[in-house]
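Here subunit A shows up in two complexes: once beside subunit B, once beside subunit C.
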Partner chain A sequence: MTLVRTKFTVRAEMKMGESSERMNTATRRWKLYDTRLAWALVAPAVLLLFFLLILPILMMAVYTFFTFVTAGVESATLTLANWQEFFTDSYYHGFLLKTARIGATTAFICAVVGYFPAYFIWATNFKHKWLLLLLLIVPFWISFIIRTFSWINILGQQGVINVTLLKLGIISEPLPMLYTEGAVVMGLIHFLLPYMILNVYVSLESIDRTLIDAARSMGCTNAQAFREVTLPLSLPGLGAGLLLCFVLAAGSYVTPQLLGGSRDALFGNLIYDTIMGQLNWPMGATLSIVLFVLLGLVAAAYSRYVGLSQIVKGLSA
Partner chain B sequence: MHDTTMSDASSDPRPFTAGDSSQGGQPAVDFRDIDIAYGKFMAVKDFSLSIAKGSFVTLLGPSGCGKTTILRSLAGLVDITTGQISIGGRRVDDVPIYKRNIGLVFQNYALFPHKSVFDNVAFGLKYRSVPKSEIAAKVTKALEMVRLPGSEKKLPAQLSGGQQQRIALARAIIFEPEVLLMDEPLSALDANMREDMRVEIKKIQKETGITAIFVTHDQEEALSMSDQIVVMNAGRIEQIGTPQQVYDEPATGFVANFLGKANMLPGTVSAADSSGATVALECGSDVKVAAPRALAKGDGVTVVVRPQKLSVTSGADGNRLAGRIVSASYLGGSAVYEIDIAGSIVRANSAIEGKPLAEGDAVEAGFEPHDCILLDAQGRRIA
Partner chain C sequence: MTGASVAAREGRWAWRFTGFMTVCVYIFMFAPIVATVILSFNDSMFGGFPMTGVSLRWYAKLMTNEPVLAAFKTSLWIALVTAAVSTLVGVIAAVALVRFDFRGKQTISTLVLLPALVPETILGVGLLVLIQAVHQPRTLWLLLLGHILLTLPYVVLIVQARLVGVRRSYEEAALSLGAPRISTFREITLPLLIPAVMASILLAFTISFDNTSASLFWRPAGVETMPTQILAMLKISISPEINALGTIMILVTVGVPLVGGAILQGVSHFRKRSNKKGNQP
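Moving on to the complex of A and B:
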């Protein structure tokens, strides 16, 4: 892991050096934009972000210090009770750990399963590469919730798999597949795999192929050249994919709600239950801020070592 | 001097030989009847070339002439369609690239960006199971050779283009490959750096005695570095010879024009005897040229005159072409003039006596009968 980290750092430093140099030469001669026009053009986006994202989060942050009176009622008396409850009650810690575990499992499986299609799309001589990339994006055309529901028809008691196996006489009673942790992870992978593949693909696409020729000319077999050149140079994409998959999985709410049993609830479901079930908004806000800060820290740590620009590249592929 | 022309080659079944093959016996590299096709496009046709051990051979030609394809076929990066390639007498057509034992230097350096200079240079040794202690000593030596000692821990991105290319060179020669292949290694460098690197590459090649094949489209690089130049055009060899041969005795009009932007003056033979001929140029003048064999009256020929041989100073003997200067570029000791001679433009690179000539001046461009090259109607050299 330390080895990987140093490589990430190296890459990040190189990038920063490059871009700052470029910026210097650009700004020294002339400005690429007019300052007032720039503000006018970004103002709508900034206002939207402020009123619809930053302000609500700030309001939630304030809510965490409110006092919970009874279901649906809170008072503006400031208190640390919510935070104290979160830090002392292991019930919440258990949820946090489980969420982290499922997020990590999902991200890891996505990385292992997703690297190969990314590599294939990159390496193929097939003329219509765009078609393969389009196939990756096709799932996004169907609502994520509908796609998640479809798993019920596949994994359920009356689902395709159980019905088929029963008819073939391989099993005598339906396998319990739906409403398990496995189903949740499956659903998350289904949702997140394209993100992983695109990230790895973009990273592979940025590799100069003469590097591989160079490695081979110096005595590397194809497999050795992959290990020496292709794999290390695609790690930033793999890292970006891991981060994205982890954050999205750990923050998911719909998938465990639809495909998981009550034991498979994740932190997102806990927040939902606290706010919608117990109508305890101050605690719900506290838990939301906790998840927000923790996932933010993961992203920040990643950005420190790799740079978030890799993810942006992956998403815009 | 030995004359190597396409017509000679077709009557001679032996492949072209580049470099002095008398000493080695076995050629270091041997291409025999190579054809390379990309789908329907023939990138290389009938390419035969034998390269002597220790020689520096340049493949010279415009982009798309097949020179890089030939280099890549030797490296094992491109499959040949027909023919055979040998390195040191060993057929390598079916040998995978990693077993061919060749050093490759790329135009874009192709250093591994995630590896230190040390790991880059040591790369080839690592895959030849050289013991670690020996690797360190060899890397130190190689870095000294390319004049970058102490740069082991740096990353390629921390080096300038010229330094990166020197590391790439060290990386390619450290494991003592049988051939060193360089694909336009200087094109990405700026002009000053390019000249330094030219000298340096040549020096290192001489010191190590490695057989080198160099691909370029730059005639200056080719002329200054090579023992032998292979001039290529449209997938075929136009001429093979020493730098002096290809420059002074171009086998074809293409070679004459590609090396040194010669003036090509078409005309017909109006009178001929055993020592020379008179050619009526299309631009109106009659010129006398030396010819080794009697030419038939009425033959279409092209008179090729290098800009350096075309004099605009008064009092030149021999042939004189009257014209008017359309552009003048002052170069210090000399000047390049473009002269309009009855509608065709010729270039003269002439020493300046007194005041340089100016645009619009009427001049007479002159050259001696033996200072030109004569091409036949097919563009092949007569004299």
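Moving on to the complex of A and C:
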């Protein structure tokens, strides 16, 4: 019998003597942690990822070289026309720059504003800390689209702010706040803040608190201890939050659609219109690949310095 | 005044400022939602302030809105099937990724996370281009498969995190006593994973029920899911009816996990107590 003996089976055999015969039957053909079994277990997930993620992205890459004939029709004649159009037409560059600008602004504000609650939850002696954390997770359960359109009730002509200011006589005309770039950024911040706060919080939580006590006992003031110990040690979480916020903001489509005007469309809206409106599949694929590659580069540059494992921590928090 | 007390006072102000900012952030997070819930009871024809009276008429109107009911049904089915399939696939994949060592494990671990990191717009276009390339029509299957893809990373992450904390000696003990692998999994591993499995089901359900961007690409012509239906209604204007719909959805998506979590806690609490009682002589 060609049973591969693992350390475990040997130990078990020694312990169990006569009953080892029965166990050998159980483990015949398969090692305890057999590689073939592992592959069988991950196979469904891998197949799913291959057919729904990898193959589509490869197909998109191929489609960028296809020729657009007319709405909804393309031919497999290979051409560089889509790429040429993308690289020469400043229309696309404008969208790209605006998307990068809005993504960066959103991520930056999220970092500055989000650090306070993360720090507060970490440092507070409040007995019901779990409640504060739960309240950060609740937004994830509330439909994203509801969270987004609810801003219309705040910023709109008949929203809370305008109605209040009109009643108080501070303004005579409703302020145009909705359908502006500011509204888009605000909607994105509202959507992304919990990601940022949770990432920073997880990072803070992993700090050895005795380090801060040590700094204090060496004569650091609270501010110095924060600047020299706490802040640097929480940077990985801050970085992960920045990356996540930037990527998600830059890829957003619904927020600009709902809260922005026609001039506030982002790259995601451009892709949607190209595919679903003009039915120009090759150009839509080109734009998607551009976004994919650019965001991939940002993530790669980031993982070089920090490592993606931080994101995983944040996502599973 | 001594330097130390100045520093202490500065620290106190910094701490107060932190607390103030925290309160502001929480208000910022929830004010729009509260406004929406309040406005859903507005008697006025128009969505917005001021309130002209309190009424439930928009809820009643919603119950007779055929497109909304149809969209709700579609979303519910897709979310239920997604939660079931995604959890099944995710749990066995997580077991393999945590318990086994094999070549390519690291690659697969990273690959599994990608659907959570790649923007939905790109995932949406990709799958659509693939369908277009093989000349297949968009069907509900596409939407379903897409949702399974979107939820898989979260299931794997949750189950992995839990499984790392479960010592493998329990499973090895069962195997060494001659239990087949399937029964070992069913009798030992799965019960220990139940909290993670429940959390996965709930999260996958919520993510699927809530998905907007990718669903806009994947849904078959003429089919609306709940979020895309809301988006279509918003194209006209914001009405109290949408606020009512939003309020109901908040109740469902926040209520289900909270009640589910409470039940789970209650069950484990009850079990612990009855175990203790059973152990007493």
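The rule we apply is simple: the second predicted complex is superposed on the first by the 283 of 317 C-alpha atoms of A that agree within 3 Å, B and C clash if a C-alpha of one lies under 4 Å from a C-alpha of the other, contacts with A are read in each partner's own complex, and residues count from 1 in each chain.
Definition applied: contacts are C-beta pairs under 8 Å (C-beta built on N, C-alpha and C of every residue); 3 or more make two chains touch, one makes a residue touch a chain.
Worth saying up front: this structure is predicted, and the values here are computed from it rather than measured.
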Partner chain(s) touched by A:G159 [first = subunit B, second = subunit C, both, neither]: second
Which superposed partner A:N82 touches (first subunit B, second subunit C, both, neither): neither
Subunit B versus subunit C as contact partner of A:S203, first or second or both or neither: neither
Contacts of A:L233 with subunit B and subunit C, given as first, second, both or neither: first
Partner chain in contact with A:L193 - subunit B first, subunit C second, else both or neither: second
Superposition-derived comparison: subunit B or subunit C, residues of subunit A touched: C
Subunit B versus subunit C as contact partner of A:A215, first or second or both or neither: first
Partner chain(s) touched by A:M276 [first = subunit B, second = subunit C, both, neither]: second
Footprint overlap on subunit A, where subunit B in one structure and subunit C in the other make contact: 221
Contacting residues of subunit B [partner subunit A, same complex]: 75-77, 96-100, 102-104, 106, 108, 110, 112-114, 123-124, 127-128, 155, 157, 171-172, 175
Subunit B-touching residues of subunit A, taken from the complex the two chains share: 7, 10-11, 14, 17-18, 208, 210-211, 213-221, 224, 228-229, 232-233
In the complex with subunit C, residue positions of subunit A that touch it: 8, 12, 16, 19, 22-23, 25-27, 30, 32-35, 37-39, 41-42, 44-46, 48-49, 52-57, 59-60, 62-63, 113-114, 116-117, 119-121, 123, 135-136, 138-147, 149-154, 156-160, 163, 167, 190, 193-194, 197, 221-223, 247-248, 250-254, 257-258, 268, 271-272, 275-276, 281, 284-285, 288, 291-292, 295, 299, 308, 311-312, 315-316
Of subunit C, residues touching subunit A in the complex: 7-8, 10-11, 14-15, 17-19, 21-22, 25-26, 28-33, 35-36, 39, 46-50, 89-90, 92-93, 95-97, 99-103, 105, 108, 110-123, 125-130, 132-133, 145-146, 148-149, 152-154, 156-158, 160-161, 172, 175-181, 206, 209-210, 212-213, 216-217, 226-227, 230-231, 234, 238, 242-243, 246, 249-250, 253-254, 257
